[in-house]
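I have placed the structure first, in the form of structure tokens, so that the comments after it can refer back to it.
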Amino acid sequence: ITPENQLVIGMSMDNLLSLDPASASGLDVVSVNSNLYDMLIELAPKEPSKISPAVAKSWSISEDGNRITFELRDDVIFHSGNKLTAHDVAWSLQRVLKLNLALASTWKTYGFTADNVEQFIQAKDDYTVEISLPEKTDPNLVLYTLGSSPSAFIVDSKEVLKHEKDGDLGHAWLTTNVAGSGPFQLRDWRAKDRVLMTRFDDYWREPSEMKRIVMRHMTESQSLRLMLERGDIDIAMGMSVPDIEALKKDDNIRSEATIRGTLYYVAVSMKDDKFSNKKVREAVRYLIDYKGINDSIMPNYGVLHQRPLKLGLDATLPEPGYALNVQKAKTLLAEAGYPDGFKTSIRVLSQLPFINIATSLQSTLAQAGIDAEIITGTGNQVYGAMRERKFEMLVGRGGGGIEPHPHSSLRSLVYNPDNSDEAKLTNFQGWRTGFYSPEINTIIENALLEKDAQKQIEMYQDVQNIYETQIGAIFPVSQMLDTVLLRTDVKHYEGHQAATTRLREVTKER
Amino acid sequence: MITNSTMKSSSISKSTNANLMMLLKTVGHGCKRIIRNPLTAAGLVVVILLLVIAVFAPWIATHNPLAQQLSNSLQAPSAEHWFGTDEFGRDIFSRLVYGSRITLYIIALVTIIVGPIGLAIGTISGYFGGIIDTVFMRITDIFISFPGLVLALAFVAALGPGLEHAVIAIALTTWPPIARLARAETLQLRKADYIVAVQLQGASATRIIFRHIVPMCLSSVIVRLTMNMAGIILTAAGLGFLGLGAQAPLPEWGAMISTGRSYMLENWWLVAAPGAAIMLVSLAFNLLGDGLRDLLDPRN
Amino acid sequence: MEDTKLEVKNLQISFSHEGSQVNAVRDVSFTLGQEKLAIVGESGSGKSTVGRSLLKLHPKNATVKAEKLQFGDIDLLQANDKTMQNIRGRRISMIMQDPKYSLNPVMKVGDQIAEAYLAHYKVSKKIAKEKAITMLEKVQIRDPERVYSLYPHEVSGGMGQRVMIAMMLIPEPEIIIADEPTSALDVSVQRQVLNLLDELISERNIGLIFISHDLDLVRNYCDRVLVMYAGRVVESIKASELENAQHPYTQGLLKAPPRIGDIRNRLPTLQRDPSWLFN
Amino acid sequence: MLTFQLSNKRFKHFFGGLSSVAITLLGLLALTFFIGRVMPIDPVLSVVGPDADNSTYEQVYKEMGLDKPLYTQYLYYLNDIAHGDFGNALLTGRPVIEDIARVFPATLELATVAIIFGIVIGIPLGVYAAVNKGRAVDHIIRVISLFGYSTPVFWVGMIGLIIFYAWLNVVGGSGRVDLAYDGFVDPVTGMLLIDSALARDWDVFQSAIKHIILPAFILGLNAVSFITRMTRSFMLEQLSQEYILTAQVKGLPKRVVIWRHAFRNILVQLLTIITLSYGSLLEGAVLIETVFAWPGFGQYLTSSLLLGDMNAVVASILLIGLIFISLNLLTDLLYRVFDPRTRK
Amino acid sequence: MNIIDIEKLNLSFGSGVNESKVLHDVCLQIQAGESFGLVGESGSGKTTVLRCLAGQYHHWSGQLSVNGEQLQHKLDKKRCIDMQMVFQDPYGSLHPRHSIETALAEPLKIHKMDNRDERITTILKKVGLDNSFRYRSPHQLSGGQRQRVAIARALILEPKILLLDEPTSALDVSVQAEILNLLKDLKEKEGLTYLMVTHDLGVVSYLCDRVAVMQSGRIVETISSDDLANHNASEPYTRMLLDCCYHTEATNVTAESNIY
């Protein structure tokens, strides 16, 4: 049984490779760093388009929408004892672009570069930060990024610079250390083992009731389940469906599902002759057992969703209602010149639920004569192949946009301004699959500048319709759901859609 | 002329016949002795059963092992599905039956690769000694110090997951002990009078190694291989468990456990059946190997 | 032969081997007093088997039957493990053939001797050690203290055989069985060892059963000879009268080996008669 | 004169041993490097994540030196190693050596407890079986030990966890210690049992024992089987030796014959196979570590491998090679110490 | 002419400080048709001499010649045809997995000789085994029969010289007699030259014309069997061997029985 003033969390830390806000991608990191660092602003857990103040007590957007100004609190202290100032904020954001690591990507799409960032992000005085936009874009999108991106954490510039080596802006040091102002201090982090945090007593908000948080790397779902049942852990994440279903029946345990911005999808490569044929793509669309997958594989992992835009946005159209139809698919394949099907391969992460989706896909493809071999691998291998455009079919998850904004999804899944191999737009899944529609590109670019909200929504709906008729290379199957299981004595835990789940309010009532 | 050649051929056939007879006799004798030890016999029976099941899988299986029926998933064992169904509604009994083919395939392939390599390296190294021995033994050392599962992992990581790659990987980890065994035997045999005798008759090294030394090492190598089978099965299952062995939808037993373990607390049959199958078969091979060793042990 | 130390009557020993029976010893009877009794015969005739059965050290697959197996006032047939333990070494002991294999390779030879004493006498280790050293001296080993702490591989064959003798004599047994005690030794060493053994047993009034296949050797060395063939005693004869042995098998054994200055052009070979199997 | 001869010989032996160690290690290094090279795992992606854009990718690619030709990389690497620098691990950003020093004790602890199980259970079982060869107990022990060989550890591990942790609650769950105690004891040796004992934190100690007992036992199953069987066959060999007969002839009690005579003669062989199986326990813990979420060396190596983190992999494999070789040398030494026949 | 001529044969094992010299300037001359004995205590180097001749050791120094031809250090096929060897242990000198037929056919195959079948039949007859033994395997034979097969194998290449290393010491006296008779017969019929190692002076006296006595790697004396029988040995070591030999005529026994 866990002590009353400690919170013990079992979760997979497979993707937790670095704690540096400039380089750490992946949801695991956000859920750790959210408790160690602060952001300027925060998004509401269940209603992410609602922005609330944090380190910034207020902000304003200039008339022309080109500049955002933040007024900071003056009572925020870092764990080191240093005061948090506007300089730290500016430095933190500049650092992301200067290092040009994974998380710079989003900022670069807004037009920031390592060279111009000092000019566009500036501390006006000790408690005022001004962000000017290098290109015209929707400033709300930028605000959302500041409230959700792992790169938006404010680091203690003085402390970090003490540990700078060879002009790395403290990158090496920050990989395993933390210089934040969050409600908890990092005590010890061991990769793929555990993260230990202790309460930061000088936190500017109410100090947390929990003295210690232990996050433990656990991948075996049954182990998590057994330990949760015994009360040896308080919160379990990343469990498998059957265990979740079983635990839901336990009175001492409750579950909390949070919807995420990412989509489970089946992708095909249009660099491949077969799949560049629209009829074949349409056939594939008919060969996915959406219902079967969502009913028997996806519960607790995701909910049925077939649009490239994520659920819950005003612009998202109702489901198009694709369904498994082998007969139709066969006809289409015959029209496309493949009456007997063909051989292909499916690349997939060797994890639940990916592998099960792939297995299901394999069997439905087989019904239309398509003989697909499954090639499993780590994320690195699967997405690596995708980035190099060396795949035929793939079961994956993406749509990265954490920001509650249609652009964020579309940019990641559909947008592809240059389809040449040399362009190497590897961060766009549109480019990776080779789906290129100038029509869609234009609408996406214009929609971002559209000031009229209603019009903007219509534009985004157009995109979805065109995508449907042109039959994109990515077929969304399910919108990701993150199901967390908690002991019922854990209160005030609120899963965050953007994964920035903050544990500072959690209490235990026994 | 004619008589001469017929005589020759008859004598040759006679001698091969005689050798064959000898072989049959020893085999027959061995069988008798195997049967006398109930444990070994049990092992033999299970292994033969495995063979039969693998050969006649299509007739024995009650369902298509790959046919999914999501509506029928996770059914408990019943008259219709003897060992229940898995998360895709596939019949576990049929998957086990077909899985025996994979198991046998892995074993056979590994044995075919490992036996000759180990035997050749071991005997050559032991017979010639000197620098050849040193070089071969260093190589063997390197492979021995390379942790087995890790080497397998590395190879699978290098070549991509898959049955063939797993087999190659396992083979790479299994030959060194065989080579060492063969070498140790050869070192002893090399000094034996009957080897010296053929040397004195002018036999070449190749001839001595392959006609005189290899047959002597064979029995212990076979015993060792038989006992290795269990290890091979377990390693393959381990790779399957880590998701690096046979790929879906192949009904490899280890992979079945690996995917089934998510359901094991509610649906125990998902892991119980393949786990028991792995254990039974490797136990059988162990029993058989153990019995064979007692049988072929010169001390008996 | 005044006092009979050991009486064996109709001893039968068979080995079961994979379901079949091998009768290794059939109807062997003899008595042993304070004398040197030789058992000879060709290889496999059952000599060692008889010797071991007296100590009940036959392998597990052996069945021993006898009308009588009397040692002093103890019926060996009925004796349990505990009784046998007290008899072995202390009252009957056995000298093994090859010192190379018969000594524990990882124990100092002296300790092995002392251990034999300690097994039967409640004395301190120190006294046992002294006793062992005296015994080593008795078997004419020079510098016994040094030899005491040698390991078997460090002593020569002759020395090893003496250690063996010392070990078997130290608890002062009444009967010694010597199973081809010198066949592994060089001729010259062989003679020394035999002489020594001879001295010691006559000094202590020990009854000796001497197992050998060498007729020439036993006729000079022993008092009486039992000739075994295929598990049977075909002839029991005084050693001095061996020349006049009746049985053709004995005669054959006597004539077969070539001798120095032999002028025979051919050596007579043994023509085995099936009737020898039935007396 | 004599002593000079001996020391010279020993020196030669030692020297020969060292050079063969060096050759083996170099071979391992080359082999590992080769494997790392042909592995289609992109370490850059492990660093930048799958969604990084191309400029970031190229930048990191260069930083990692992957743009240089292979042999240059190899030479650089050799040079670094020669200076004791095994590089930093991608996975943790820390020096590989530091990482290994952290994860290895966990496995060492597990394997050590496992081998203790193996010894304490295996040897008596083996001796008992040998002494009662052919009887029912012999067969029973044989089957038991063969079971140990035949069980998929990951499977038994899962079942064991359910039975002993979830149902009976006699052992701890996954991990090395109850999570609430995690980090209470500062690592000194890295082995929690020792560290907590040193710190006299008996709560942690107790919790650690509860946690290690099941995985160690299951890991040790194989060792138990191996040791039982080897002990049995060694003992059988010794029991058929002439000197055993001699010992019986002397009238020694059975117990003494078995333990003082026969058993002492198998001691050296036994030590050899114990070190051998200790070695394989150290490397073979991957599956058990996975099932029990044991943050050990096996998991570290596996995940480094799958991330393409060659610095960590090469160093880990060198370490295993080194362990194997030193265990071999140790065995050699034990022979010298315990067997008078080689003690020249 | 001497069919075997050994001049100053030296051999050591080991190297450096571990070197131990096993043969010291061994010289032997054996005439064609002669049978020559080699006796001496255990470890005196008797077997080693034979092995040098047979080409088992390559690092000897000195000169060896057979049939007037200098022997190379390496074994060649010519030497195999000239000279064959019979070993002490009949249980260890036959390949346990090869039938008699296979064992006998092997040298014929190596030397690509024809008429294999005939040759095998003849040679088996010569050593006193009938054709029914042909397809048996060694474990179905007694020690004496095995030794006959070993002799047959040595003779099948029709060598002129037979090296015999204690060919009867592992056998019972009765079987020994059979083998010795066989060897004597063969020698007379085939005109073979024997070089035989033994430790049994009786055997020497029965089979050999001359005998060399070895002691710690040196030949201390070479005398004829007759001299040996008449106690004409000059070397004390030879006399000691004679003394120790129990295989004396029954008449001698009483005279020597006082040694006990």
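As written, the chain order gives the labels A, B, C, D and E, with residue 1 at the start of each chain.
The criterion applied here is as follows: a contact is a pair of C-beta atoms (placed from the backbone, for glycine too) under 8 Å apart; a residue touches a chain by one contact, two chains touch by 3 or more.
Just so we're clear, the structure is a prediction, and the values are computed from it rather than from any experiment.
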Between C-D and B-D, the pair joined by more C-beta contacts = B-D
Please indicate which chain is farthest from subunit E, where distance is taken between mean Cα coordinates of the chains.
-> A
Of the other chains, whose C-alpha centre is the longest way from the centre of subunit C?
-> A
Can you give the whole-Å distance between the Cα centres of subunit B and subunit E?
-> 46
Cα centre of subunit A to Cα centre of subunit E, whole Å, reads 88
Please set out, as single numbers or ranges, the residues of subunit C touching at least two other chains.
-> none
Two or more other chains in contact with one residue: find those residues in subunit E.
-> none
Mind pulling the residue numbers of subunit A that touch at least two other chains?
-> 220, 222, 226, 381
Could you pull out which subunit E residues touch subunit B in their complex?
-> 54-56, 75-77, 80-81, 83-85, 87-89, 92-99, 101-102, 105-107, 110-111, 116-117, 134-135, 137, 150, 153, 157
The residues of subunit D that touch subunit A in their complex are 40-42, 45-57, 59-60, 88-94, 99, 102-103, 158, 161-162, 165-166, 169, 173-175, 178-180, 182-183, 290-293, 295, 299-300, 303, 306-308
The residues of subunit D that touch subunit C in their complex are 133-134, 241-243, 245-254, 256, 260-261, 264-265, 267, 338-341
State the interface residues of subunit A toward subunit B in the complex, per the touch definition above.
-> 220-222, 225-226, 240-243, 245-246, 289, 292, 295-297, 350-352, 355-356, 358-360, 362-363, 373-377, 381
The subunit C residues in contact with subunit E across the complex are 42-43, 186-188, 190-191, 194-195, 198, 213-217, 219-221, 243, 252-253, 256-262, 264-270
